[in-house]
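Encoded as structure tokens, the structure appears first; notes follow it.
Chains here go by letter, A, B, C and D, matching the order in which they are written, and residues are numbered from 1 within each.
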Amino acid sequence: MAKLIRDFKVLNNTKITQDYFILELVSPEKLQNLMPGQFVQVRIDGSRETFLRRPFSVHDLDYDKNSIKILVQIAGKGTEKMSKLLPGEILNIIYPLGRPFSEPNKGENILLVGGGSGVAPLLFLAKHIKQLEINPDILLGFKSQQRIIETEEFEKYGRVFITTDDGSAGREGLVTEHPLLLKGKYDRIYCCGPEAMMKAVVSLAKSRNIFCEVSLEHLMACGIGICLCCIVKTTRGNICTCTEGPVINANELLW
Amino acid sequence: MAKLIRDFKVLNNTKITQDYFILELVSPEKLQNLMPGQFVQVRIDGSRETFLRRPFSVHDLDYDKNSIKILVQIAGKGTEKMSKLLPGEILNIIYPLGRPFSEPNKGENILLVGGGSGVAPLLFLAKHIKQLEINPDILLGFKSQQRIIETEEFEKYGRVFITTDDGSAGREGLVTEHPLLLKGKYDRIYCCGPEAMMKAVVSLAKSRNIFCEVSLEHLMACGIGICLCCIVKTTRGNICTCTEGPVINANELLW
Amino acid sequence: MVNLSFKIGNLSFKNPVITASGTCGYGIELEDFISLEKLGGIIVKGMTLKPREGNPYPRMVETPSGMLNSVGLQNNGIEYFEKHIYPRLTGLDTNVMINVNGSTIEEYVELAERISHLEKIPAIELNISCPNVKMGGMAFGTNPVTAREVIKSVRKVYSRILIVKLSPNVTSIEEFAKIAEDEGADAISLVNTLLGMAIDVKKMKPSLATITGGLSGPAIKPVAVRMVWQAAKTVKIPVIGIGGIMNEIDALEFIMAGATAIQVGTALFIDPSVPCKIITGIEQFLVERGFEDYSLLIGYINKNF
Amino acid sequence: MVNLSFKIGNLSFKNPVITASGTCGYGIELEDFISLEKLGGIIVKGMTLKPREGNPYPRMVETPSGMLNSVGLQNNGIEYFEKHIYPRLTGLDTNVMINVNGSTIEEYVELAERISHLEKIPAIELNISCPNVKMGGMAFGTNPVTAREVIKSVRKVYSRILIVKLSPNVTSIEEFAKIAEDEGADAISLVNTLLGMAIDVKKMKPSLATITGGLSGPAIKPVAVRMVWQAAKTVKIPVIGIGGIMNEIDALEFIMAGATAIQVGTALFIDPSVPCKIITGIEQFLVERGFEDYSLLIGYINKNF
């Protein structure tokens, strides 16, 4: 799929918690095909603190409206600015980028595991899996009840299980302590979240011999394979997470 | 007068021509006293192209509303951004800065000469002079009829004479070819505009032995006398136009 | 139509806009965004004899109007290039050049020699200025003795167009420009990145795994323009200007300072289509100002002040 | 309460935040915005024996995340300072220091000697790094022989605190740091501005009357942090970090790299009250992270990696 640079228009900017918002962005033309796990590179103009583009996973999309949604956590200067975008404003985007999650086979048991802004790519993935007539289990970890995001959306596509660090909602503890992960019978686990969480999930999956893919959020300068800054060490050597990821098979990682 | 750094609020942003707009800015507290010829240093946040503040003359003010007006010509990146400011937005300002025009004496004949964005400080000056019960003559030069700005405002305070380069309004030619300047009997001339124009006015005033002050628009980094970048060579040596100007007596200039 | 073409030695370039090494991959990666044949040239990523893994992650951090990188010449080596990449580039109607690196003089020489057999590679850029490798690179390029030695040795085995890429991390850029000219370089290109560093204060540790890295982007432009100006006044061979070029105005700044051509680096990360915009922009400027040949602008400020 | 005080030799500073020479006038100009006594110190603008007119206008141009200046040490000379400024500063409870400049070694020495008689000036900063003067300045500071000579000569006549301000326009900052230490400097400060240049493309001429100027501001921070890190690993005397510090995070970056104190320069043009914000910000960081003394952070990344 050819990569495009396009001026998308902000359709709406929805605050969901103190830290998170969702931008719906409309393509100036027919939206290119996008797969779950792929991302876009957003240009945040005009600041010395946001010189480079910023990568965001596709959270959802609508081919009829030619729009994509990105779920953004306010992490610094760039995301702070994006949080203030108004409907009608322009956001320049390069897309589609990266390799998507691999397709599950019909009839497989699927578990999605997410935490923090890592839930972003999983909604699109859950929706996609549902279209394959699979009801995935979705395990989401948050700090506390106030930090819970998007679970209602996820419920459309599968059974949702929650953990919170403080037990204020769902099960107390980390996702990696959840029985689903420890004992659940799954053919595939797809995971995105903080690196520590992904490492724990990968090690569990490996030990239980379950196919597992994680989506890495490595620092990126270009997003299109020309800077070699976003590498991760794998069994195949250093690979660029922007072109050969962000989705990587657990068995390839040297974690 | 102590210099202050304050967050002013945009009250309104009025486009007057393709290139010019007027910002009315409200002080968060009682507005400090300001005199005609003084200026403010505006901080345009968040861009690598607009790292330093930008200086603008006070165009008008209202002590009741605690507001000032600046008349801005779109000259580059910073002014371009300022042109997009919306009511309610914040603009950080350092003020009051610089030395004002000297006070005329009662009963004197006064001529104001302006061109381009140089008309900005002259409106406040005209208003001030009118309060001294003097009706100044006001000679304003523009490129063409379409470029004429603010003359109706000026008419409140004195007799307005216009020149345009192409003769599409007022008298054809440069202000420095106008009979008012060549033959008019004045005790004082106050001038602000493009450097070439000011040089011509200064040389006329000197040859006719008329008291004359010009307001210089030199490049400034700080605006408060700490960088020594804004100098002009005078009979007193190099002086900072931000602290000992921007208004300079014609006799001091080595033009 | 205005003329944008120029020559280094006997090698013609259709215009003065070249993509910089390490910022355009093998060129192929840009094909979605621009037609490579529109470019004056492409300098593919820093190459070594043997494959190199480069430095550990993290390798980049954003800085005010710029970025630091510590990629460290990750590449698959010359053999991989010959087999898999070269065949895809040979049909291109533009100058594909290779950025040549080594840890020892022998490695530089061996690689240059080998490349001299690749018919469709008309030029190499000798990188004696990489700040991200322990051996070779900047260590060669900031010492006049070793700089001279490596250029001399490569010149002996490489008879096509030799461009020497200089490091800005030196007291006198003139000295190194002169050495390159003396040793028979056909052109010099500058600047490579400035050695810099950043600390993640919140995490209280260096932002890069290697602690220091190379600074690129608009932040370094004033230093790069100055060095190009100094170098161009010192040598008679063409100077290729590099450093923070984001648009045609920046490109023209280098040209007016004395650059015969320019390279676009970090800007590609933000807008991979920018080289074509720069070409069009230069063209427009020439038309507006009534210049028929961009070469009239080379070193313009020296001629007129 | 956390401790922010430190010493250079026997001279105490209440905190590590100092205003940089040439960017804070005589200090007095900042009084509307901050109480000078809150500062660790003030380094008044570059001084010479005789009054200097400096360079012609234009003297500055904005660049990406920075600016170029070519002020060229405009100042009224030591006599004016003694008569008109010194009396206004003597009552201040902070360290007022003078940035010392000369076109010849004799001038440096004579000025330093004369300042040694000003009781309330406890330290001088020897500027061998000004890029904007034809004689002296950077010419001294980028040549190891003359650098050594001028420091040695001044040290002989000046027994109070001697800070040597280094130029970043050198191949090896370590070399110059070592020279300063060897010749008895009590501290070094770095960096002065990077030599840079800009062209006004629309006007097709140099932006500065002197063509080249000194680059300052956030753009140079990564280079400055790297040099401070290198210098601090090389010498035992305190290092004062300078270059693009806009806020407390930037200040802490220098401190973690090895700076004992920092100077705020160009940031003052944008926010003259920023030094006090930096002091408060450092304090808050220490409290949040549970450090009782900021000196625990000096060179933190070296201790922990």
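Keep this in mind: a residue touches a chain if its C-beta (ideal position, glycine included) is under 8 Å from a C-beta of that chain, and two chains touch if they have at least 3 such contacts.
Not measured: the values here are computed from a predicted model.
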>> Hop distance check: subunit A to subunit C, minimum number of steps through touching chains?
In response: 1
> What chain is the most remote from subunit A, judged by the mean position of CA atoms in each chain?
Replying inline: B
> If you average the Cα atoms of subunit A and of subunit D to get two centres, how far apart are those centres in Å?
Replying inline: 47
>> Using mean CA coordinates as chain centres, what's the gap between subunit A and subunit B in Å?
In response: 54
>> For subunit B versus subunit D, what separation do you get between their C-alpha means, in angstrom?
In response: 36
> Of all residues in subunit C, which are in touch with two or more distinct other chains?
Replying inline: 63-66, 217-218
>> Can you pull out the residues of subunit A that are in contact with at least two other chains?
In response: 48-49, 51
>> For a test of understanding, state which residues of subunit D touch subunit C in their complex under the given definition.
In response: 63-66, 68, 142, 169-171, 194-199, 201, 204-206, 211-212, 215, 217-223, 225-226, 229, 244, 249, 252-253, 256-257, 285, 297, 300-301, 304-305
>> List the residues on subunit B that touch subunit D in their complex, please.
In response: 2-5, 43, 48-53, 94, 218-219, 221-233, 237-238
> What does subunit D use to touch subunit B in their complex?
Replying inline: 22-25, 29-30, 32-33, 45, 53-54, 56-67, 69, 71, 74, 217-218, 266, 268-273
